[in-house]
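Next up: some structures, all given as structure tokens.
Next come two complexes built around chain A: one with chain B, the other with chain C.
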Partner chain A sequence: MQTNKYILGVYDNPDKIYSTTKKLINKGYKVDDVYSPFAIHGMDRLLGIKRSNLTVAAFLFAMTGLTLAVTFQVYVSKIDWPMIIGGKPNLHIPTYIPITFELSILFTAFGMVTCFFIVNRMFWGKNADIIDPRVTDDLFVVSIQIQENKTDIQALNQILVENGALEVRERIKD
Partner chain B sequence: MEHAEVHIKEEKFEISSGNKKWAFGLMIVGFLLAVIGYFTYHPHIEGLNEHDLHHLTQKRLWSNLLVNGYFFFIVSICAAAFIAISQIANAGWYVAIRRIPEAMSEYTLIGGPILVIVSLFALPILYHWAHEGIMNPESANFDAILAGKSWYLNVPFFYVRMVLFMSFWMFCAHMFRKYSRKEDLEGGMTNYTKTYALSATFTVIFGFTFSMFSWDQMMSIDAHWYSTIFSIYNFATGWVSALTIMYLFTHYLRSKGLLNIATDEHQHDLGKFMFAFSVFWTYMFTAQFLLIWYANIPEEVAYYKERLFGSYQFLFFFILVLNFCVPFFIFMRRDWKRSRKVGYIVGAALLLGHWLDVYLMVMPGSMNLATLPTAENPGGIIKVPFQGFGIMEIGFLCLFAGLFLWMTLKALTKANLYPTKHPYIMESALHDVGV
Partner chain C sequence: MSYESPIRDQLVTGGKTYRDVTRDVTRPLENAPSKSWWIGFSISTLVLALWIGATTYTVFVGLGAWGLNKTVGWAFDITNFVFWVGIGHAGTLISAVLLLFRQKWRMSINRSAEAMTIFAVICAASFILSHMGRPWVAYWPIPLPNAFGTLWVNFNSPLVWDVFAISTYFSVSLVFWYIGLIPDIATVRDRAVSKARKFWYGFFAMGWNGSTKTWHRYEVISLILAGISTPLVLSVHSIVSMDFATSLVPGWHTTIFPPYFVAGAIFSGFGMVLTLLIIAREVMNYKDYITEAHLDAMTKIVMVTGTMVGMAYITEFFVAAYSGVEYEQYAFLNRAFGPYWWAYWTMMTCNLVAPQVFWFKWARTTPWFIFIMSIIVNIGMWFERFVIIVTSLHRDFLPSSWAMYTPTITEVSILIGSFGLFFFLYFLFCKFLPTINMAEVKSIIPTHHEDHGHNHVKGENHAN
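And now, the complex of A and B:
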């Protein structure tokens, strides 16, 4: 049975935490997550993290921006208020390019930032729930979820310490 | 870090009989097609006399040589620029495929002299400013605008610039290869540091000289016309083509079981580069086109009028499809950047598109005939419509492609397939773009 108890192992070296995580996964422990100040090559694959759908969202946002830009410009310059400027036709497609391009990027940028906040559950008034403040500086933390009557905490602690953990402690997540 | 095990070993490439067949087959077939195309081309255009029509045959021949000579030369010199730029950016990922741009840059040894010889003959035939009497106020051919540019556009200075620039680039490319091959034997940091210093020098000088080179070779064909973004547009063309050829070579070598140190990750990053610089090319294309279209100044639109409304209209839009739509919509997907089949298709489309791009820079301007200025025709230029994409074009393209292929494959055999003692080789071998 899963609990909300976690064992944290704190490390000071990306190589050490990578090899420890690999050992833990091989031994069948349920590694919840690894916290690091920077990306560790290969860690995503090791933890089995799936590819994010953010790219699809980005494409859809870009298409929204593109459609809106084209619709607005066609409506203004062809339907609502046709004006001859510099002898150009009313439906002057080449001049639409910069605005369409910029609006697609604007919508993509804003949309993706919004998505990022929503996916990471970051909004006003929410307290930052950092597992250990030092992961934002120079340390690396691996957190293992404890499964009742299954996880051998003694053995787990031993593995963590043997592989060079600076400290091992328990944490209860709400 | 515990990753899949990587063994850095000395690996050599050997030219197979299939490679030989392809390279020499292309050259021979190309040469035959070009010769047949030259002798079977009999233009019929109303209002032109026998002498003019004969001149047109000459023009088409040298235009084709110029298109191919220029395209393959800038591709191979952009490969050298890729090495230089990656080097000064301290890039690690590209080291596994570094020998491919090195090999491509070896084509300059033969492509450079070819381009000089082609220019030697093409100058009085293709370039209006180099015609007799253009700069001479007493002549009937006198053109005051071009005469005003004579301090820059004159034949001796043209050659001095061309030979000076090309020899400097070829020297740098040669030194990159030399240092890299020496590094395989000696190890250590000496050669890396030397390459670094030379790359910085090369990049700065290349930026300026490539601009002038593209004005001389391409922009001065339409000598009245000028565009300030033209050189970076040319650079984008050469750069994307160079990246595409690197991408195709990496796929090819891996499909033959060689270059195992390069993985899908490297392929992916090259694909991203192709995607990004295709968009960059389109940006430059639009930036050049949009301002000229909007301002509508006669001396500027002359260049686009022939291409946009004349007989070259189809090709003009076709290159936009090949160079923008194809890579943009296909290479947007992650797994298609990594797929060999899709990669070959997109690569072929991009190469054809950029070759056609150079073709469109040259042909509409160079095929025009010069006559005496009259009241009806003050510019003294007879516009010649698109003469069709015939076997002469295909022949010369095959001939030069075969030559390029042969030079590159031969250069690949001269050293290990990847630099075994480069300081970043392990970083490159473990390169990972993430999930």
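And now, the complex of A and C:
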């Protein structure tokens, strides 16, 4: 049975929190997340986070931009209002390349970043769920979800402290 | 786990801890501005006023306020535009290209370089608007359904490509910069004492809490943004160069223009980054973050790109001679020995000859000297654009149309004033946003196992 209770171990060193998290995972604890002031290399793999699909989203947005740009330019210069400028043909694919390229990039950037905000539920003015105000400064926090009748809190506390936790706290998420 | 090579020098010196980084970078934000900030800010505001005055005058009077004539229809305006766009390129190069190449020295300079990109593109765009003569119809190059029957833009025209390139470049750079800022804005939010600071930094931090899940996605999108910004930055200046290269004017009509312009853009951009950072590390005391090793690396790039640009100048002469086209030959001889010879030789001296001093270690590591050199580079690159534009145009095909161009006071005021605009924005940035990417810098300082925060020996290295 999962609960909404979490145990937080506060560390001041990325290496310590990495090795502690590894131990906890090996012992079968349910590590919910690790909070850090910067990305700890390899931590995402350790927590079993799958590679994000944002790359796929980026590619799809690039294709959208590309298709729209080509369609629009062909429609304007061949179908809607053909004009002869400098004796050049109406359908002049090579000159579409710069704008197509730029629009693909524009769509990729904005589309992907919007998706990033959506999957992280980030928006302007959101009230941050701050674990510890110093987690954006110099502290690293591992949060372990407690499972009813399964998690031995005493043993967990001991592991955290033995591995150099500055502090162990309990947190209730609602 | 990052591996720190025991033989490489540390990128951040002074044995900084994570807390030191936070404290050093947020100090200018959390305290009243220093006297030097006020002096700098006041001067730039005055110069900005000059820009506002001269631009407003141009808008009311029309392009007759400038020294343009029937033969020379592009001069200071486009020179300044290309100059400012070029400056912007170093920011993207540092943050995107060096990220792809995993060059960790970029981390303490990328924030201000990207800010520089954005402000430089704003300056560049202002010239595009004012050179149109009627800036209130500046939306015409955008293909919109309109009142003239559906009269669309001409997609054959590089000027239309340029509209797309510059606006994409500006908006993507802004997004890239903002994404990089979010974790640092959250740091400022979490340290904020006053309600207003908590609110505003909290508003823009978008609820960032440093979770590993978010960091994972963050790293993915940073990599992709870097991946798309790299070809973008190359394409932007290539397209700017096509504004000239796709014409038939001797001196412009050359295939070397795109790579030559890109090299020149990086050259001038690094010049401006050096100008800004040498002041910043002095005034804001960031010598441990922007070390002499950073200056050394950047001056090497200045030397390489300067030499590439110089190579292009010489290649142009060779091609003119070898092609046998007499108009082309005349255009280049006129550049070097015609009435604008002084502009040509200023350009040659500043861009090709001057950067060669960076072969010497002393020149690469002496801040005051690099500062002077960075100004010389910027003067040289401004003259490069002036030479390309004005000397190619002023000798028209018919000798009866030959003309000379002299800028008016209005044009000179707009040029000087644009520096006011640039520095005004830069000073505001220094006051309100962290000028060094704290999150990235923290990831490259060594992790001290047992003695974290106590026993830091300068130059100490740990292999983890």
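Assume the second predicted complex is superposed on the first by the 171 of 174 C-alpha atoms of A that agree within 3 Å, B and C clash if a C-alpha of one lies under 4 Å from a C-alpha of the other, contacts with A are read in each partner's own complex, and residues count from 1 in each chain.
The rule is simple: a contact is a pair of C-beta atoms (placed from the backbone, for glycine too) under 8 Å apart; a residue touches a chain by one contact, two chains touch by 3 or more.
Note that the structure is predicted; figures quoted are calculated from it, not measured.
Trainee: Sharing chain A, do chain B and chain C clash or fit in the superposition?
Mentor: With chain A as the common anchor, chain B and chain C collide in the superposed model.
Trainee: In the overlay, answer first, second, both or neither for which of chain B and chain C A:44 touches.
Mentor: Both partners, chain B and chain C.
Trainee: Taking the superposition on A as described, I'd like to know which of chain B and chain C A:112 touches: first, second, both or neither.
Mentor: second
Trainee: Once the shared chain is lined up, is A:87 touching chain B (first), chain C (second), both, or neither of them?
Mentor: The answer is first: A:87 touches chain B but not chain C.
Trainee: Looking at the overlay, does A:124 come into contact with chain B only (first), chain C only (second), both, or neither?
Mentor: After superposition on chain A, A:124 lies in contact with chain C alone.
Trainee: On the superposed three-chain arrangement, identify whether chain B or chain C touches more chain A residues.
Mentor: Touched residues of chain A are more numerous for C.
Trainee: Going by the contact rule set out at the top, does A:15 touch chain B (first), chain C (second), both, or neither?
Mentor: A:15: touches chain B and chain C.
Trainee: After lining up the shared chain so the two structures overlap, which partner does A:95 touch, if you call chain B first and chain C second: first, second, both or neither?
Mentor: both
Trainee: Indicate the residue numbers of chain A shared between its chain B interface and its chain C interface, in ascending order.
Mentor: Common interface on chain A, chain B vs chain C: 14-15, 18, 39, 41-42, 44, 49, 51-52, 55, 86, 88, 95, 98.
Trainee: In their complex, what parts of chain C are in touch with chain A?
Mentor: Residue positions touching the partner: 1-2, 17-19, 22, 143, 149-156, 158, 160-161, 164-165, 168, 171-172, 175-176, 179, 182-183, 186-187, 189-191, 202-221, 224-225, 228, 231-232, 235, 239, 242, 438-440, 442-443, 447-449, 452-453, 464.
Trainee: For chain A, which residues count as touching chain C in their complex?
Mentor: Those in contact with chain C are residues 12-16, 18, 33-44, 47, 49, 51-52, 54-55, 58, 62, 72-73, 76-77, 80-81, 83, 85-86, 88, 92, 95-96, 98-99, 101-103, 105-106, 108-110, 112-113, 116-117, 119-131, 133-138.
Trainee: For a test of understanding, state which residues of chain B touch chain A in their complex under the given definition.
Mentor: By the definition above, chain B touches chain A via 1-3, 286, 289-290, 293-294, 296, 332, 334, 430, 432, 434-435.
Trainee: Touching residues of chain A toward chain B in the complex: what are they?
Mentor: It is residues 14-15, 18-19, 22, 39, 41-42, 44-45, 49-52, 55, 59, 86-88, 94-95, 97-98 of chain A that touch chain B.
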